[in-house]
């Protein structure tokens, strides 16, 4: 990604990164086995974390813990891929903790794409609300299932399988809403994970996997802009804070 | 509910009934442990069912099995409660089978209400898309959490707890979209389950539970119109077909 | 409930309330994945809780942690409904933590009723030990299944569905014992959740849901006695202590 | 065990054997994800089974499917160990299918013992209803936790750990009721599994494991009566039918 | 991959394909809730499948159902990637059905690579038995964790995350053994899923995701050899049979 | 076990004891619902534990947290049974926390035996790497399934059922590697749990269960060497430290 000098890091795909970053924090998706367990988001500075998010004292619960306006505003799609995912998750909707699902708002700029990616811990059903969205997923036998979604159309992305969304229109932004059956689905973008990891995957491995040359790899790596670098100076919390 | 002679059963809350009816069919929500298991909906005439829905041969899978337009059209809210829930579930979206979640479109007429109800097998997160919706849930200590949702606002309904949605506006229909973390959440409407079951709950039980008289019970029962009667001549399948 | 001046809060349905109250404390029901994890019940004063109950150091485990006499004494049924539920749960049986089930003793006075209620997180099988008990549950299609249990008879209440128990006899108390497959099943009484929540569910919602008038609602609410009020001056812990 | 010539096999510990036998039939304990899935017990003659029990058509459900009197009668304790376990399970209570728990009635003759055994798929909480019962379980560090239960006392047996119940009284039978959090807990009696399996565990293995001689092994084996032999002429179904 | 004219499709990575193919068959990974449920592999010709594999009649169970020599022979690594994965799974070890895990033998030729891939339904722990293996996985924040394994060294690949194994030696084959906690983990190779799916992912999506040109895409696609084509004339069963 | 005076406790079956001891520490095996949650093993001195192992701050994660050489060295089989189990678990492989599986290296001396035991929380698949191993498990109907494993052969031990491994050769040590589908399977050796628990199971119970005399019991107990005594002066942590 080409970043101009002096600019602050672009507001890039914060949502999907939040999925990634959240997945580095300790959480769990057991059955919701209490009425609610409102996430105590103030405790995240600790050097020790748990596999689940601690809860606030239930006596302090208020209706606002179960509500969020996070999905009400369009996400900033002014990034290299042209999309933005905004999540309603425990960071902005603490009452969601232990409930076992996440809602996501997906904004896609004209000609924008949510690049092929997978969620290691959730299946997803997406519904197109505005525009037209080409969607597809690849199963484990490399078969691709695709569809063009119009407003009101829904599509299933099975758990852990690579899928994408693409707004082929040149003028109209697209909008979708997704449900995912984990409070922390996680997201791994295939191109970034393979060509822009930190450190990089050994050249020989990528050469053999993609049947390309070291020069190809270097070019793709450069074009992808060292995605991880943009975030190296930012701690998880600030990213979380932006959601 | 007052049904006029000769009319066909009113298009009443098919969605939410579908939830109810589906829950009488054998399904399961284990982890999705295959890429997909497309529901074989043609096998439902059998006298024996399973706790899960059989799948079609994966070689016959097509993209259309993973897509549905079911949520694209407003539901008919011309019923006694003034709401309609349309589900994207295995009946109209067979690729959803084993994926562990359901999307729902909720239409609420002006002054309409989704009456207090619970989902025995799912938590829910709802997002208001149009209008203003009063929402609330009651926890097990009888504490009520309420919020007024504007477009873009989301709210959590924890699993198994009684909740409602209410469009207080006198003119504008409201629209919401919900994710539920089960492929078959099930729905039980508190007023119908207590006062309009078939057969009726013994009068003494209701008298003591609600501290009302037998006359009160008879009146509520009559007003609620013997909800179950409307459907007694309809087999499950036709209801499923209407979703 | 009418409380006379100067009296201490009546010993009302402590058990079932304990179910309710416990469900506001953070617990979880994952597979028991250690030999045992004895609940550390002294840590509950913390302002932060977890989705699971912390354990004591296993080196301090004693046989008494796995034993309780809680179910040995009849519960006080001198309340408006005429029943009492006593639980063997992590509060009085800390070795039960992570074991995934609860036993309950149900005492029902002559003409007493365990009002229609549901457990959001457990199925239940009840066995009548003394007297005759009318039992029933309503499924999601509003169909009622009922039975009269004699001593030794058992009945199933599926998870999350509204059910009741009723001792129709005028003289003999009834006794039942139930198993529930969660260490914290939770309980929501339909009449209290709808007509006696704190704050109250908006009148319009109840009017439409039950097809009754605002006057009816006020009367039912008053008769039910503002159930939540009785407990407003009591913290969760004291209730827990009484079980 | 003393078997008289010409008699049919004694009614030995049918309940606990039912646990064992049932566990050879294909069942599963996923979350109950439909209102109910009444076990179709007539299909068991098929040569192919499933990991779950098929259900009857829900339209054929009756209240009797959710009820059983199986626990109302004392089990026959006239066997070598002096105990009998009667289960309320899917064989006699088909509505229990998918509900995730089992109730058990445990009758123990004076001086009778439920020998050290484990349930591979369930934790158990037992409550003494009559008599005095010595109970104990051994954890994975070989620590024994014991208690003497009086009527009304409960005790926890963690999943998969060896435990026993013993009625030390010389005159009074004891009675207990247990809840187990699986619809098919399974039972393995340690002495029978090690010294009376069919075929026998190699002598060298037992010699080394128990530090005994081949003569000891033969003697124990003979005393235990070749437990499996008694049932070799009986198909699973007849055993199921006797519960 | 270089395929010589007239040859039959090379014995390419059968194991990993078996993972892929198996994941198109209906299976489930619930808790093992019966002693065993031996997979009935003869029933797979049916046009209807289940989310779980049916079992044979337990009376027909033999020790051989629980044993396999599948992992005893080196896999053929003479393919474009230079590796072979052989699985002990329900196809060759029917007693594994419902047990919730899989063992895998991984042979890697000198300079061979198991290309970056993920398992949608399992975590993996691999142990190097021969040679030296470079291993690595990328987390959802694109951070790469790598290690060089010598014989006896183990490494963790968290569920759903992209990982690889690489034998950098020019002469010595490497051998590893892995455990995966699902009976059907599934495998998706990132390069094949993105550049060699059938049909192909739209060029615009790949251009944007990898920041490459249509020519690059065509070249990579050709080099990868249209992986899916090799198998298009083979039914699932024959592939299963080869494992 | 005969311990010579003045010697330090022999390095006896540390692995299998680690399984036992670990199972007394609080852990859980929910789905891995974050990328990873590296076990914080320094926190174990606390008097309060959790049902899960706390994680270190993910920012401190290194590749070494996901790697271990624990399985590279043969275990010391110089103990009364002639075997040693070494585990790759959260104690030496902290990145395994929440991953839901364990690998085990099993060394068996000539004529050594892994005595009949069960894992309360895991199924196991074992693969013979060296030597010949007699393996067997007993199902809940006391049926024994046995096999002789040669190098490369695998065998299934279903969850919670008693099984054994025996190296019948007089000269060659045997080596096997096992996968178990829990991060903390737990282990209970049948002979030690019944005859060498601390305190001892009442004589009457063992007499009746095994049909032996009090003298037999005393002899077996003595021969088994009071297994628990050897470890009474050692805290859990030191045992953990040795793995």
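By written order: A, B, C, D, E and F. Residues from 1 in each chain.
Note that a contact is a pair of C-beta atoms (placed from the backbone, for glycine too) under 8 Å apart; a residue touches a chain by one contact, two chains touch by 3 or more.
Chain-to-protein mapping (UniProt): A, B, C, D, E, F = Germin-like protein.
Note that the structure is a prediction, hence the values are computed from the model and not measured.
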### Message
Considering only chains that satisfy the touch condition with subunit A, which of them also satisfy it with subunit D?
### Response
B, C, E, F
### Summary
Farthest CA centroid from subunit F: chain B
### Task
Rotation angle, subunit B onto subunit C: superpose the C-alpha atoms of these two copies and give the value as a multiple of 5 degrees.
180
### Query
If you average the Cα atoms per chain, which one ends up farthest from subunit C?
E
### Summary
The distance between the C-alpha centres of subunit D and subunit E, rounded to whole Å, is 41
### Cα-centroid distance, subunit B relative to subunit F, in whole angstrom
49
### Summary
Whole-Å distance, C-alpha centre of subunit C to that of subunit D, is 30
### Task
Send over the residues of subunit F in touch with two or more other chains.
23-24, 28, 30-32, 35-36, 50, 52, 120-121, 139-140, 146, 158-159, 161, 186
## Note on the structure
Seen from subunit C, its contact residues with subunit B in the complex are 17, 19-21, 23-24, 80-82, 111-113, 115-116, 118-121, 134, 136, 138-144, 146, 158-162, 164, 166, 168, 186-202, 204-206, 208-212, 216, 219-220, 223-224, 227-228, 231
### Query
Can you list the subunit D residues touching subunit C in their complex?
31-32, 35-36, 61-64, 66-73, 88, 93, 95-96, 99-103, 123, 125, 127, 129, 137, 139-140, 143, 145-147, 149-156, 158-159, 161, 177, 179-181
### Query
Where on subunit B does subunit D make contact in their complex?
22-30, 46-52, 120-121, 182-184, 186, 235-236
### Message
With touch defined as at the start, can you tell me which subunit A residues reach subunit C in the complex?
### Response
28, 30-37, 40, 43, 50, 52-60, 97-98
